[in-house]
Amino acid sequence: MNLAFSTAWPVLWAQQATQTAWLDEPMLLGISRQWVIWIAWLALGFFGLFPGIVAYMVWAERKVAARFQDRIGPNRVGPLGLLQPIADAIKLITKENIVPGSADKVVHLLAPVLLLVSAFLTLAVIPFGFGGKVGNRLTGLTPIDLPSGLLYLIAVSSMSSLGIFLAGWASRNKYSLLGAMRAVAQLVSYEVPQVLATVPIILWTGSLSLVAILNHQVEFGWFIFSPPGFMAFVLLTIANIAEVNRTPFDLPEAESEIIAGYHTEYSGMRFGLFFLAEYLSVFSVSCLGTILFLGGGSLPLFDLRDLLSDNTTSFVFVNAITVGVFSVKVILYVFLMFWIRATLPRMRVDQLMAFAWKMMVPLSIINILIAAIWQEVVVGHNLNYIPVFGDTFRGWLVTVPLEIVAVFLVFWIHRVTREDSAPALASARRPAASLVR
Amino acid sequence: MQQEIDPLKVLSGDMLYIAPEIALTVLGLLVLIYDFAVVRKRPSAERQSRLAWLTLFGVVATFAIQLVMMLPQDWGGFDTANLYFPLFSGTIASDGTSSWMNLTVIGLLGLIVIMSMSWSFTEHWGEYFALLCWAGVGMMFLIASEELLTLFLTLETMTLCLYMVTAFEKTRRRSAEAGLKYFVYGSVSSALFLFGLSLIYGLTGTTRLDAIRFALVSQGGSTGLSGNVAGAMAVLLVLVGFGFKIAAVPFHQWAPDAYEGAPAPVTAWVATGSKIASFVALLKVLGGALGPWAMKGTDVTSHGWIGLVAVISAVTMTYGNFAALAQKNLKRMLAYSSIAHAGYMLVGVLAASVSANQASSTAPVLFYLVVYSLTTVGAFSVAAWLVRDKGTDQIEDLNGLGRRSPLLAVCIVLLMLSLIGMPPLAGFFGKLYMFMESLNAGDKGRLPLTWLVFLGLFNSVVSAFYYVRVLKAMYLREPSGTPLAKAGPTIAIPIVAATVAAVAFGLYPAPLLDAMRHASLTRPGPNTRVGTQADPNWTPAHAAAEQIRKRAEAEANGIRMVPMGGGSAPKAKASPKGETTPPKAPRESGQPKAKQDRESK
Amino acid sequence: MSFGKGLFIGHWVTLRRFLRTFLLGAGRTLKRRGGGHQILDLWFGDKERGSQPTIQQDARTEGLFTVEYPDERLPVYERFRMLPVLVYDDADGNVRCTSCNICAKVCPPQCIWMTHAAGPTGSPVPLPEDFFIDMDVCMNCGLCSEYCPFDAIKMDQNFELSNYERHQTHIYSMQDLLVSSEYYAKTHPDAWASADEVTERGKVQKKKDQRLQKALAATKPAAVAPKTAKV
Amino acid sequence: MILTQYIFVGLLLLGAIGFALAPLAVVLLVAPVKRSKSKSDTYECGVLTTGETWIRFRIQYYIYALMFVVFDIETVFLYPWAVAYGGLGTFALIEMVVFLALLSVGLAYAWAKGVLRWV
């Protein structure tokens, strides 16, 4: 391992060592500072702020979806319908909880819990702000900074497909089982491009930890501003929408086909948990997308790091800005999902699967290679080299045609093989055209 | 400061040593791509022949690569036949045994691919040939593996491919039944095998074979397994794994059904290739790593796995032969005969671990392995001939073959005689060397082994009966029903090749035996610790220098070293004072500058 | 690359609609078109808001066009039909209906029935004693008002008819049905001013005058006889 | 130091489970419970369910699961390569191209065999 790599690691260790000393001294009531911070995160953040955010995301979705259709959206329950989420919650709690007789009671109860747990766990690693500054590195305002953050995220996010299948299987209903099987097939197929889309990020950052990714983007600019980065962003967003079962990919719970998909047999608060889990995973997935590609809390031009100094006022001030910027980006990302939901019709199940395996997976594999080429061309092989404009321009020159060729290639192959694989369909279309003439 | 070992340079260096395996893997891929890309629309027969020729061409190329690898250094080769190279930080090693056995395995694969061309028993030809090649890759890596995990991994690669290929004759239910039995039995025994390996790791703390032996020797000299229950459990479970692979008696139930159900070429591949690889692995694990547990001191009958393996060998021999007596079906008879041969070879394994001159004691087993597998391929191609023309493989379908195709009939006679072990043929010399080796065990060990040798001879006599029944059918019976069609080249070539091998190694066994002795000599001595990847200045060249020093010792204590193929003795003469002049670095051109400087220090 | 062009156009269309709801039409401010403020409205708004139709809009309205019904109302079209009513001339309180039963016969679901009024002498008088329409059955087809020779029964426009009990009150008697012609004129201005209704009213007025003259004439000879209030 | 961070994950796990079960507990207290025969059988658009629900899956799902495992393992191998990419030479790039090519052959093979067509 050459110099840069082997020295980077001990620095991280040393820096964490100093941190532990500061964290271990008791803060109040004898509990060490680290535990106090964690409990604060849990009480205020995870079980206070986030459910609130998620509840009002539901409200926002209904308002925005209404405005897309020239409607007003909920405005009866409280001013501008702001009490709507609370009303929903109360309704759900007071509704009778009907569990089918032949269902597997325990698993029927555990499925939504598992889904919600998986949604919560993904948020444990996301750096919402810059946090403190050690040397030139930001420690990131994050509950825990795992050195293998991204790996943890993948592991946790794949738990949700388990929860969905348990729900379908436990409610012992043909339609929900069918819906659950389709949902899991879709989740499984879209998890591959989602995970492959994150590989370019690690390639450029050289580390799996989300704080390191944030640091890298603060120094070298956001990842979305490079062709492979932008392609990876598009792939990740599409895969995210599919992972969360939102509109173009919400076939598994499509009312028109299979009553309500895997949560047919759920009523009352259990259905509420599904709803909460879905929107919480929308929130966590958009946080992930923002951190990985849109540079978390960093402003594009203005570098906030030099405002950071040791006193707490600068810490609070800078982090307030970064959390603000971060939430604006998350809101935009979530709005993008609402926007897509208001526009696109639902995809047919075989097109949905074909899109994943025949277009997204090859494209993400090719994109990894293009990202490696970008790294070769722009940065070369020592991690401390700050690429100058000339390099990035050369990078663009090389990678843009590659990306275009890749996209065309994938679409062309798909078109050719589709003709080959659906001859009946193709020939059926042709005579119709002759009739028209 | 710890000096930089640049892993990539070492890795790229090692890749050259596993060139044959890489070639075979790529061949498998090429066949697969060729099948689904180019010839997808063609009829099955045409696909079969084109893919078979492509595979055959690839196998011949791999054979050539392996041969080049074994040439001595001054002819441009890597002299792998004489030198021992631990690769990929010691997980696999390319040495004499692995080179020679690779050669045999690739040769067998060639014969089997030829045999597969004789009749169409499946439509998925791309997958069939690819799986055959990848099973070959698994065998070659298994032969070369030096470490428990790699051993298990390669064993599984090989057997998984074989499970699938056994069930490839989709039209006949027997093939699916064979595949399923083989799979179920195999997965259970590999689970137990893995448990055994983990016990060994638990007891010795390392997974490298030589390190295990070193740990066992340092733990308590050769005290055998007395009072060591965990050790006994470990040995038992490992024996389960290997017993299944070589179809030794308590674990042989799958063999007759799998051999009979599978298509003939696949049966040949399972009976020969997988047996060669398993026996070499068995030698390495039992003979090499678990040597100290063999017996207490030199008393064969004391606590240790020698007694256990002796019993297994005896039971396997007798059961194999007596069960074969009653068989009507040729492939089932050959299955039981291969169980019997496994019994004989176990005697060889026993001999290898008790005999006086440890270094070259595995030679007879390797010799027997080569001879047995070549003759068995010939025998199975007869079965292929039967299935192709008559659809069934009963022995009496061979009636009257003597008159219709006399030449091949003679070849079959020679094959059968070699399987019995008649003197002029190779089978005899194989058994001869093995039994001689087991007779010159230590004085205390000689008595039980002599019983074993006697049982072996008795079984050979019994086996004569069912082999001769084949000859009786061919010569003394009138052809009943439709006579066998003329055997095309795809059937004749394996039979003739096997006969040539049996006769050639029969009349002049010395070169093969010397090669095998040479092969076993290049293995590191039982108690030496091979330079592991850990020490910084280890390089393949360094290992070569050490080998030269080791061979100098061997010559010092009187074992004459005649390298096969008349290659001149390696140039670097080790002066008696033990100071060695480093040999020419094996690879001038491919050597990065920095590495050469390091060597010359 | 026609593949995927539809995606971008589709998204642009929806975004444009989204933005227009904020830029033009009702969505621009937080004020409701029917009066009152979106945010403070629900608790402090004036109670009788929303009784008058306040919004005029048609297919070309752009942006937000939701009519928040109880607070805002769209005007009802004149020809809108909802449950028939009986008209009486408010000038002289004359109930136009002569209980000729044509409407009862023509009503497809047969939900109209009436009883004929008897004069002081027991002889039938051209007035209904009582007039019933079963509200649940009536399908607002308007045939009764088409066939009524005396423009006595007309279709009303009041659709807020919900009440708490559905057994007794859904059969409307005459008291529920009687409506002044002035109310009819207000709700159906065009019909009121239309030529044939005017001529019809003229004829009825003329007949009424003749009847009045006749009655006056009949009372004049017996000038001395006491005036019997016959009307 | 690293391991202690997973304590937070444990805390979050317990907290999340609690957060999920709490409303369900409240439901037990608050929500009405009126059992009835028809209410408790599975809802299939009003039609009575016939036959067994937990049937064997189609083979299609199994093959998709296998494909997923293959490509997930590919990512698991890609991650360490990507992390260490900065320190390795271009040789690593070539080696990874070979690795990805092998897997793409796998995908192409599945594609050509029509496995990816969701029937």
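Going by the order they are written in, the chains are A, B, C and D; count residues from 1 in each one.
Heads up, the rule we're going with is that contacts are C-beta pairs under 8 Å (C-beta built on N, C-alpha and C of every residue); 3 or more make two chains touch, one makes a residue touch a chain.
Bear in mind that the values here come from a model prediction, so they are computed numbers and not experimental data.
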Select the chain whose centre, defined as the mean of its C-alpha atoms, is least distant from the mean of all protein C-alpha atoms. D
Report which of A-D and A-C is connected by more C-beta pairs in contact. A-D
When the C-alpha atoms of chain B and chain C are each averaged to a single point, how far apart are the two points in Å? 102
Based only on mean CA positions, could you tell me how far chain A sits from chain D in angstrom? 15
With centres defined as the mean C-alpha position, give me the chain A-chain C separation in Å. 58
Would you mind pulling out the distance in Å between where the CA atoms of chain B average out and where those of chain D do? 42
At least two partner chains per residue is the criterion; list those residues in chain A. 1
Note: chain C residues in touch with at least two other chains are none
Two or more other chains are touched by the chain D residues 88-89
Could you tell me which shape the graph of touching chains takes: line, ring, star, complete or other? line
Pull out all the chain pairs that touch, please. A-C, A-D, B-D
So in the complex, the part of chain A that touches chain C is made up of which residues? 64, 67-72, 75-76, 78-80, 339-340, 342-344, 408, 411, 415
Touching chain B in the complex, chain D uses residues 88-89, 91-92, 102, 105, 108-109, 112-113
Residue ranges of chain C touching chain A (in the complex, touch as defined): 1, 3, 7, 10-11, 13-15, 17-18, 21-22, 27, 38-42, 63-66, 68
Footprint of chain A on chain D - complex, ascending: 1-2, 4-9, 11-13, 15-17, 19-21, 23-24, 26-27, 30-34, 39-45, 49, 53-55, 57, 60-61, 64-65, 67-68, 71-72, 74-75, 78-79, 82-90, 93, 96-97, 100, 103-104, 107, 110-111, 114, 116-119
Across the complex, what residues on chain B touch chain D? 8, 12, 29, 32-33, 36-37, 40
